[in-house]
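Chains: A, B and C, in written order; residue numbering restarts at 1 for each.
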Amino acid sequence: MHLLADLLVWFAYVGTAVFAISGALLGLRKEMDIIGVSFVATLTGIGGGTIRDLLLGDAPVGWVREPIELIICVVFAVAVSFFNKALVGRRMTWLLYADAIGMALFAVLGAAKAETLGAHPFVAVLFGAMSATFGGIIRDIICNETPVIFQKEIYVSAALLGAFVFIATPATLGFEVRALLGLGAGLVLRLCAIWFDWRMPFPRYADPRS
Amino acid sequence: MHLLADLLVWFAYVGTAVFAISGALLGLRKEMDIIGVSFVATLTGIGGGTIRDLLLGDAPVGWVREPIELIICVVFAVAVSFFNKALVGRRMTWLLYADAIGMALFAVLGAAKAETLGAHPFVAVLFGAMSATFGGIIRDIICNETPVIFQKEIYVSAALLGAFVFIATPATLGFEVRALLGLGAGLVLRLCAIWFDWRMPFPRYADPRS
Amino acid sequence: MHLLADLLVWFAYVGTAVFAISGALLGLRKEMDIIGVSFVATLTGIGGGTIRDLLLGDAPVGWVREPIELIICVVFAVAVSFFNKALVGRRMTWLLYADAIGMALFAVLGAAKAETLGAHPFVAVLFGAMSATFGGIIRDIICNETPVIFQKEIYVSAALLGAFVFIATPATLGFEVRALLGLGAGLVLRLCAIWFDWRMPFPRYADPRS
């Protein structure tokens, strides 16, 4: 139990770093300077968790006193900026997988935090998905890209599934089992979406104004 | 008094539902999948009240523990998605009227909540307008539409008037009278704007850079 | 000490007014009506400090009970709207200098407030920069302009420098000395950027996807 809890904290740092890298890479593509790149990387890395904490009434948010995640974001933003030339032309599919892990992890951790702070189970599932996806949504809105939530990609759905499995698993099974099941469910769905190009099964809508 | 208070709670649910529907319809027009549609519907339905509560220091926000509004938003988003085909080509002018009622209602309820939590009267009026309009502003910014506040439409002004009349009416007249006067003022101004195509009376500005 | 503290409060009002004017002018250029202009002016004037206070857990935010800054924003928005014609064709370089003063001032005041509320020094520097620049960033995102943080302009960097100098100066020297040093550092860097057209010294990045 303690081992897993410690492991999750480290995984959360990895997730933050991965999100920060994805933000930094998008900032670089938009030709920002190092300040802009760090700004986008930081918002992507900590945006989801920060909005979750504000809504849950958990302010001052954690990184105000222990800015580890903040420092992770800035360090990776600077590193990505400096090694940018070495990254040119790389496919960086590993980033896609790292992002999937970060997403599944944040979904479980976000749902767990909301549950701990007394949120309704339905809300805890949403807060898990929020932790996992809002950073990327903010990144895309700021950078004028179409957020993943507005495409038919299975990303938010995978976060919702992971958070749902965590919350739906009986508390009697212990945090370990719940977290592993939630993580697994979110990750597997996301990986299927990546490998088999799964899309949301919904039909195209007719445009009500056309 | 109790009857009206109960009635207002139900009206607020109706207002939330109407806002959620307007968000869902815009999401569908933007060809989002059901997750995106639910996301936009929810932000539209509860965005204004949530930002108001955060600024007033009323966190965790209400729907974290009692997610009735949240569920209303998701249910209507899913319903609109499924019945979308049946809605094609409809003019849906009823939505315009329902939206006017929701707007006037939220303006009064928002001002009342801010007043209760100790806000300055001037701020309470602004918070009424905020409750009534921020959901729609968020919806439009996310969906890349021009928010109503940036057009010369009489919408925010109607919300401001409703909240102002509520706050300006002496407390000795009781909540009932104040709420009805505020509701009426906001609604009438908005309906006039719809029926007679009233616009903000301000002249066009000269462009200071042209 | 008391004199300086009083002076800083007045300077902060001046800074708020300058930010509000810059927001109002942008709103006018976007052909907004007076409500939209006031909205943008207010978000620009108080946006940075409000987000800072929410993250620091200092809610209800200050202007809910003492809406002086809010009133300043609205008054200047209305004034700019009415005197808009008289402003046509003016170069308004004074606005650039007033904005530089407001920026340096908010950087110091924001860092000081975060420090007082127990933030980590690294975070206090970021919060100084946030107070100084988020209002303008919100203004530009809402008005569909490219935020200054995404250009290679030395603006956020100057705010960071001012906040850093304030925080790095030993507390034993007293608030007065720290504030003057921070103010001076931020202002001088910004003025150099304006006069000598200094840019961020970073080379253009290669596009990782091209």
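The working rule: contacts are C-beta pairs under 8 Å (C-beta built on N, C-alpha and C of every residue); 3 or more make two chains touch, one makes a residue touch a chain.
In this text, all values refer to a predicted model and were calculated from it rather than measured experimentally.
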Draw the chains as points, connect those that touch, then say whether the picture is a line, ring, star, complete or other. complete
Under the over-half criterion for shared residue numbers, do copies chain A and chain B use the same patch or different patches to meet? different
Between chain A and chain B, what distance separates the C-alpha centroids? Give it in angstrom. 30
Quick check on chain B: which residues sit in contact with 2+ other chains? 54, 59, 141
Applying the document's contact rule, which stretches of chain B touch chain A when the two form their complex? 25, 28-36, 39, 50, 54, 59-61, 63-67, 70-71, 81, 84-85, 87-90, 92, 141-142
Which stretch or stretches of chain B touch chain C in the complex? 54-57, 59, 114, 117-120, 122-123, 126, 141, 147, 149-152, 156-157, 160, 200, 202, 204-210
